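Okay, so chain A shows up in both of these, paired with chain B first and chain C after.
The block that comes next holds the complex of A and B.
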């Protein structure tokens, strides 16, 4: 950067006024904030004894799941758009010709590395068939790195586990089912 | 010189050039969108995407008379004073309507279509289509049909440009594909019992501007936007077609022809197109190894010496020592090697034994040269660089020795050690052929796969495949093309060039350009290789004035 660049506008701090130089009003300001927090209701919980409340599960970004269609088949069409959108490069898909006559392609293998994932929700946003979704499951643990690479079966089982508590987001958010 | 006016810009064209509006506009930097026109095929002007306004400037008065309607740019030749307007509102509206009409019948299954990302229908829709759809279009599942061993037809994705039909009629002359039905029910199909099974069939997939023709070898393997492409040269035969190697994370996914008017124009054959699978074969040699105890001179039976693996850095020094102590050396310079590698190998051999017997390696051939009506030829010689290696050998020794001369030389006991470079993708030598090498003190074999000859070797070195090497190949018509490696060889494999570079005692990383410049300046026959070569290559005879 060239400090003499005419495109740069230099801004000076405003000189302090009388109230700022007196220091007292700011002091009172700060103390008020402290006092307010002393009496306001607490937002922290003592996890894991207490579970935090998920505000809106529709926009919460927890563990992924792979949705099933009405016939119980994996909804994913292996278009790789989630893998393309993923900034952490944590989705690995192997596509194959689908065994069903009404579908062209399906994921032979679908893996999400939950350790690499940054839970940004881009995969969910990119998916043209609303197959991959982020649930409101927030405590994700495992004993090994391998265990944290979720394969297709595991992601489908997350759907089976959560589908009653959290129906598919697409319908709730007014998208095509 | 005739002058053509493209959107107000005057460009000169050659006096004898026969250009259409698309080609003339391209000279002016204007791209006229088109589906059915292809420079290598006849003109049908059926897609109506290239409609432009044209006119004629009167040479005497300078007054311009426009044609009152739009004309297809592909079948309108330009001449002196032709005026082309590619950006007017009329033209833009026409393009948008064509796009709209095409999309009404289209499945819009882009997310699962393999062409997505390199599809002209997609690209033109964004560039020239309407911002909003007037019809309520829903994605649907395209019908799928098997039209041949290499190609699947997605019937509903087709926009009926008939490029594929014209290709099979004009270039291969086999005419398997046809248009059935009429009007809105038009479809591409094959006649029952006559599948699309010619030796150039894969090209119809490249020609298809949309995702209607899918390459079975590549179908569903990878999305095209993940692929990186490297200009390369096909190593399948001595035609040396220009290709793009498309790869991702050191794995090749497909080969595509690269336009080169001097060699392959727009096409490649299926053998070349699918001839990369050996690169990822599990059976490839991955480790350098040498015989534990150097067998004594005059081994009687064809025995397999026990071997142990050896580090490449040790190969560089110990190989030289072993060959030096063995005595008289014979070297087979494989026609799979590049000019640079062949030249360095000869230099290494001469430095070990100044009297070394240098010969051309085994030249695999299959069948006879096969030509197609469109001018494309598949060569019988299944190696890319026989001409180049012969030229290199001529620099080091006179006589033009062949593989058979080398076998005779070794069988007659006139050599104590042999160094056979191979790198052939297919089996090339049988036990009887290898027997001639069984009584040598040292036998160095560099190959992609195990072979009877490899079993006899005291030094077993892995070689690399075509996409893993850099250098220059000279094709059957003396056309030299330089290329860089597209993917890295498997872990633990040194390309031949790197080994030779280190054995010559040269410092730093293997610099293929430095070697090429050295060859070009030191030998008149390779003078054409000096400097930066164009991507389409040079004729090696260019500077060889008799």
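The block that comes next holds the complex of A and C.
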């Protein structure tokens, strides 16, 4: 870069005035800023005592759930689109012949390794029947790695737990169930 | 048998030492908590508020935190790296802690206690470990200079570049700021006519004019210099975490690190004590404490409370300042010391010396009131003029921007010419 290049517009600091040279505005600014924050309301959430507020639970990406249809059956049709979309490869589906006449396949087993999951929400995007969704549950803990691999029953139970607070996104967004 | 028993003054001195060291250590531990709270509040956080009474669920706003912190750091591994100078490495924290505790021998932590005839105390008992020390101020400054050796030894013995840089910066900074510190102090000593800190407080109490009002320039210079001496932001270059990984105590861990951190806090407490005692009237508060000798316990307690409250206020100011202004660059630090603080300190000293010298003549010529007014007005005039002069005369910064010339080079090289074109030309 040629510093003398006429194409360059140089922006100069304004020369300091008397007050700034005396350091007084800086002094006052610094002190008033810190003093204001000293007494201003705090943003910290005292977590176990106080739950953090999730802005919009419908778009929050927490623990997964497997949705049920009106008959209480698992909605999933074992198409493997979510497992294919998953960048962390944490979804493991075993498909089987469906016992119901309205679909060909259903998942015999559906496992999500919550420890591998990066909570990107791609599975939710990929699902053609809105069967897998991410809830707003954010405190996901367990005592062993095995415990953190959620199987179909557990994912369905997450649905049962959250279905009242968080309606299925598809219906909430105006899609047909 | 009688001679084997310690004499009464010895017992009193031991009691005072015990109270002082116990109080200081507790205060240092809780000031760490206060500092963490202040830091958190300024940053819109809540700060430590969980640890309460051990083994219970009682939280007490986090008042148990110092205990937990102390236990944690004491139980941590005291690791000595292979490459250090073993003797100096072990000596440095002891030197710095011993020096910063010994300083308090000459610092009064209250006014005095009323006579207690039951214990054989016929006269007032000053709240001062070494009451007879006529060179109190010198003692304080000599020992605070020795505390620098702890920093230097720690930095040198660590055999670590960060530690070494921290030690170097510390030595340069402390040498530079001892001078404005001393100049600020000399004005007070001249005005009070004594090197005893309790006499300086008495002088302010009897006249009712704190030296911060009588010598504003000296107060500002002393205040800024004591921030630098205590290595607090904005002058914490010796241990700037972002630049030096902690500076001189980079290689220290466990209880040795604890000693360093405690003595750092004690430096701040010492600075607060000195500011309050020398410039903010010590235990004196108009209409509340009186100014004469201590006759009742109530007065003694009130004076102790006033002194403590003032010191706490100054310490809180120290902590607030930490988050208010960014750290100075080292050349700015040196410029401030030698080109601003030193002349201002000298100006204050000369003014005070002149006023004190001619005060008797002024009193005989114009009367007491005029003389007192001049004694206040002259330092304030010097304060305002000196501050403005310092602001106008000192360079505001170093211009590091590239040199922009519109010369023949630009005509030859069109837009987008590369740097090495210029070099070749």
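Convention: the second predicted complex is superposed on the first by the 136 of 177 C-alpha atoms of A that agree within 3 Å, B and C clash if a C-alpha of one lies under 4 Å from a C-alpha of the other, contacts with A are read in each partner's own complex, and residues count from 1 in each chain.
Note that a residue touches a chain if its C-beta (ideal position, glycine included) is under 8 Å from a C-beta of that chain, and two chains touch if they have at least 3 such contacts.
These figures come from a predicted structure and were not determined experimentally.
*Asks:* Applying the document's definition of touch, where does A:103 land relative to chain B and chain C: first, second, both, or neither?
*Replies:* first
*Asks:* Applying the touch criterion given at the start, work out whether A:128 contacts chain B, chain C, both or neither, answering first, second, both or neither.
*Replies:* In the superposition, A:128 touches chain B alone.
*Asks:* Between chain B and chain C, pick out the one touching the greater number of residues of chain A.
*Replies:* On the superposition, C touches more of the residues of chain A.
*Asks:* Between chain B (first) and chain C (second), which does A:35 come into contact with in this model arrangement: first, second, both, or neither?
*Replies:* second
*Asks:* Go through the superposed model and pick first if A:48 touches only chain B, second if only chain C, both, or neither.
*Replies:* neither
*Asks:* For A:95, decide between first (touching chain B), second (touching chain C), both and neither.
*Replies:* Touch status of A:95: first partner only.
*Asks:* Touch test for A:79: chain B only (first), chain C only (second), both, or neither?
*Replies:* A:79: touches chain B, not chain C.
*Asks:* In the overlaid three-chain picture, which partner chain does A:17 touch, first (chain B) or second (chain C), both, or neither?
*Replies:* In the superposition, A:17 contacts neither chain B nor chain C.
*Asks:* Per the contact definition, I'd like the list of chain B residues that touch chain A in the complex.
*Replies:* 109, 111-112, 141-142, 144, 219-221, 223, 225-226
*Asks:* Quick check on the complex: what are the chain A residues that touch chain C?
*Replies:* 1-7, 10, 16, 18, 21-23, 26-27, 30-31, 33-35, 37-44, 46
*Asks:* Looking at the complex, which residues from chain C come into contact with chain A?
*Replies:* 38, 41-46, 49, 320-321, 323-325, 387-388, 391-392, 394, 396, 401-407, 409-410, 413, 415-417, 419, 421-422
*Asks:* Quick check: in the complex, which residue numbers of chain A touch chain B?
*Replies:* Those residues of chain A that touch chain B are 77-81, 84, 95-97, 102-105, 128-129.
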